[in-house]
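Inspection log for the structure reproduced underneath, given as structure tokens.
Which chain is which? They are A, B and C, in the order written, and residues in each are numbered from 1.
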């Protein structure tokens, strides 16, 4: 669009650039759908049947699948392309991330329905924010211009800040919002500065132009590399890579749990989408410069995430740290800068979205009204109170541990085998050590769930209240557990999807 | 008088660092927020300088985008701060440390 | 017939699913019968497939059956496929055979347990996973089974999760095995990186195409997996704790089948081991050390199951000694005979505990042969087999290992024969304490009853004849024989333990059935014994003499002096006394001391300490790093800014 602005000549009729709307179809449907819902919510407040907004959100998300499939077929026959004055790119990669985000939105929306009713927060706002945020994530995935990446990042983040603070009356939620907001804005400034430096050294913010420039010129000044470093800071913050991870446990713990589920899946997917597109595709010629940085972030994320998760007693917080470790695994795939690594990372993000939304869905249900208690004790003896819930959670935890026949095993398998193939043996070993450490705390949670409640001690057993499972939450859990198991058994189609979701080489 | 572009870049870098350090040392959430604005505007200055140096309009267009985004951020940020101050008056950033560990 | 191979895992899987869906409705005995029938069917299928394989021309005895494409890795697809060859069928036959017997035994043993159907759910799932492991046509499917058996083991060890120890033991098993799995996975990745495939056919057929160093690395990494799964030094610690599980589980998983998976894996990858000789030597050394070390500990245990647990570790050490000496057939042979006699020992021990109302302390048993004739007779057969008394099964397989070890290294052979002596000693000790001598359970019951009356939490599931009431153990405490479903497997296994040696009699080449059958799998990589016939006879004699010495020592220590107490034959008694003193001073003392030392100091402090130490290290690191997470926004911002400064400094340093 920037180039289009430059084309306007004085004295001529204003030539509007051709906009191929379908290329931003998925994000557009989310955005327009969100606006429509916002309006509808104003007029229909308090007079709606149960589950209407949740259902509408799901419908909007499913509608967005249609342009995604359409584009996928277009790409399969005609190849990837750029559109809207080269500001966005349509390739398998962006479609893949769109599908990941759509899946996360469907599950989170289903989960949110019962949650909002439980917390007396009914209304459209939560869903609208989710839709806006997701559209920002999709924009990041298909951006072909650093400024579009920035816009997507901000659309994603600003909505997320609000979601984090959605439970205005709870101090935890407020704290999560302010922390996320201050730190998010802080890291966005770094990101923006990174864009400025890259722009200054290459003369453009367009990724295609930058890639061309970098291929033909070899820059040795620190400006460009400094720009890389700052871009990594900004996006590393979004994906919760160590040392930019410190907001994660606090924000995940404080936010309303469905919002946590949503941000864990979507912000990570979108952040990695931007990282992969910028570095693996655009800055590929400079990979020897950025690979060591990503290597270090991966190692730190794996170890810090796993080790700190071991000492947590709050399940939400533990899952937050484990999500940091998961970011480490995706970074392992990213670090290889190979097709296999990118495919592995994509597969990981997809599988992770289902595991993590499912896990937080269980936490939403167990922690009870007001998100009051997500401690390990709240899960004690869950198997006798809600066997199905305990079983489903066990599957999610086993998947996160990386036990075969779950999607989590294959996800780890793909990224680590890509690392071995790229001769990053040390990284592969560290990744597996982290997996061993992680087995500790996932297992502890499983043991706690299956151990009988300590009612025999004479103390009154606190968590005996029945856990109601809303219909939507049940559906959400079914989708998540179904995906985790089916992909564990038959990963071929999803992995082929990830493998063909290649980045447009600029 | 001609001022070399590098001076502007250096000034922008200094402003950026001032903003960053300000955020690190101040306790008042509003002031921290202003420091972020300072950082963003330092980046804007960088963009404009580069745009002039490269003779490219793109960098200046970016500034408009950044201004819009910053405005949106202000709206949301102030909203969150107001929500917090409704519950506890005169809170500093350090008082908001319930979640830790 | 060979193409029926899919039935082998399919039947236990069907059993698993049926029991999962309708186990509760089927109820107490019927759920068990369903599970047993499925595994028996699997055994029948295994027999059919083996027969089919036998009827084929020898050069066509490797058949692969692909069910479907499982995982696409890169451009290559890993199918869910089975490999029917001589090795996999030997494994499948003994796994399904022993499993059938143990399932049958469990019908009686688990009778009355609250979660009776669940037990068979896990047991069938285990058999399914084990068959996936042995029948797999590629490393990934083997790994799938490998993890599956691990998970089942974890579930079954903590089957009585109300006991905290059981839950902890299950967790320990799982975590220790993760360490081993880590080696397995890494080995697998290396294989994939170098061969571009994970199929056994493709990898093992081209083992020569990689460098010797790579082969050694792959061999050692996979061996790390085997060390975890097969409980070798230093990862063996989970196995003794795993005895918290029900006894049939100990027999099936922790003696006969799962723990031998490591040996199987090593035999499977023999072309890689042959190509990287350093790996083989390491395996032999670890095996010999484990065999000796675990045997010394077994000498100082009083718990009837703990003795058997350490004994299993020790016998697995023998198998690895054989693998490391490239005597793969001897390893498989010992694996099979060991499955017979060790399963028998565990089931016998279970029968004893059943009859003794969950007593596990051997010091509180004695003279049980009068009350439990079938159990004691079969247990004695197993004892003779494991001790290595000719002509019982264990003798032949152990002798073959020792002859091969002699060729590999005289030192390893030395360790092996000393272990044979110790084995004979501790097993005789167990048999004498439990089945012979004076009944000591009467006074034990009296002293135990009051204690048990107030705290009666931990006991194994109710015995058949309503023996649950602990107070009933008071006055009219009588050990009793077990029902037929438990006795029949004992008898069957006893026959196998007695005559299992017939599988591979080293008389002449025509009686070495196992060697001939497995020849295509190992080919020239199998070590040919170079020792002369004369040497072999001498080694053979030494082993037998040492075994007899071991039994005699145990007799003198644990039986003879009790004869004195009953004032029967003074002459023998005096002699026994003298011998007893001599032995306790020279043999028993040091052995007991070392055993006790290794059990309580080395085992608890150092090995457990290492595992706990790592856990503590992780926890402590976590606790201290956690303090950085202050909750203050400015600290978090500082981390972001600090990270940014570091990254910028790094790239600036690169350009400078």
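As a working rule, contacts are C-beta pairs under 8 Å (C-beta built on N, C-alpha and C of every residue); 3 or more make two chains touch, one makes a residue touch a chain.
Everything quoted here is computed from the prediction, not taken from an experiment.
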Reference chain A; chain at largest CA-centroid distance: C
Contact-richer chain pair (by C-beta pairs counted) among B-C and A-B: A-B
Centre-of-Cα separation between chain C and chain A, whole angstrom: 44
Gap in Å, rounded to a whole number, between the CA centres of chain C and chain B: 65
Distance between chain centroids, defined by C-alpha means - chain A, chain B (Å): 26
Residues of chain B whose C-beta touches two or more other chains: 20, 23, 32, 93, 96-101
Of all residues in chain C, the ones touching two or more other chains: 626, 629, 631, 633, 637, 641
Residues of chain A whose C-beta touches two or more other chains: 178-179, 182, 186, 249-250
Residue ranges of chain B touching chain C (in the complex, touch as defined): 20, 23-25, 27, 32, 93-94, 96-101
Sites on chain A touched by chain C in the complex: 178-179, 182-183, 186-187, 190, 220-222, 225-226, 228-230, 232-233, 236-237, 243-244, 246-247, 249-250, 289, 292-293, 304, 307-311, 340, 403-405, 410, 413-414, 416-417, 420-421, 428-429, 432-433, 435-437, 439-440, 443-444, 447, 450-452, 489-492, 495-496, 499
Parts of chain A lying in touch with chain B, wherever the complex brings them together: 2, 5-6, 147, 150-151, 154, 158, 161-162, 165, 168, 171-172, 174-179, 181-182, 185-186, 188-189, 192-193, 195-197, 199-200, 203-205, 249-250, 253-254, 312, 317
Chain A partner contacts - residues on chain B that touch it in the complex: 9, 16, 19-20, 23, 29, 32-33, 36, 39-40, 42-43, 46-47, 49-50, 53-54, 56-59, 61-62, 65-66, 69, 72-73, 76-77, 79-81, 83-84, 87, 93, 96-101
Of chain C, residues touching chain B in the complex: 626, 629-634, 637-638, 641
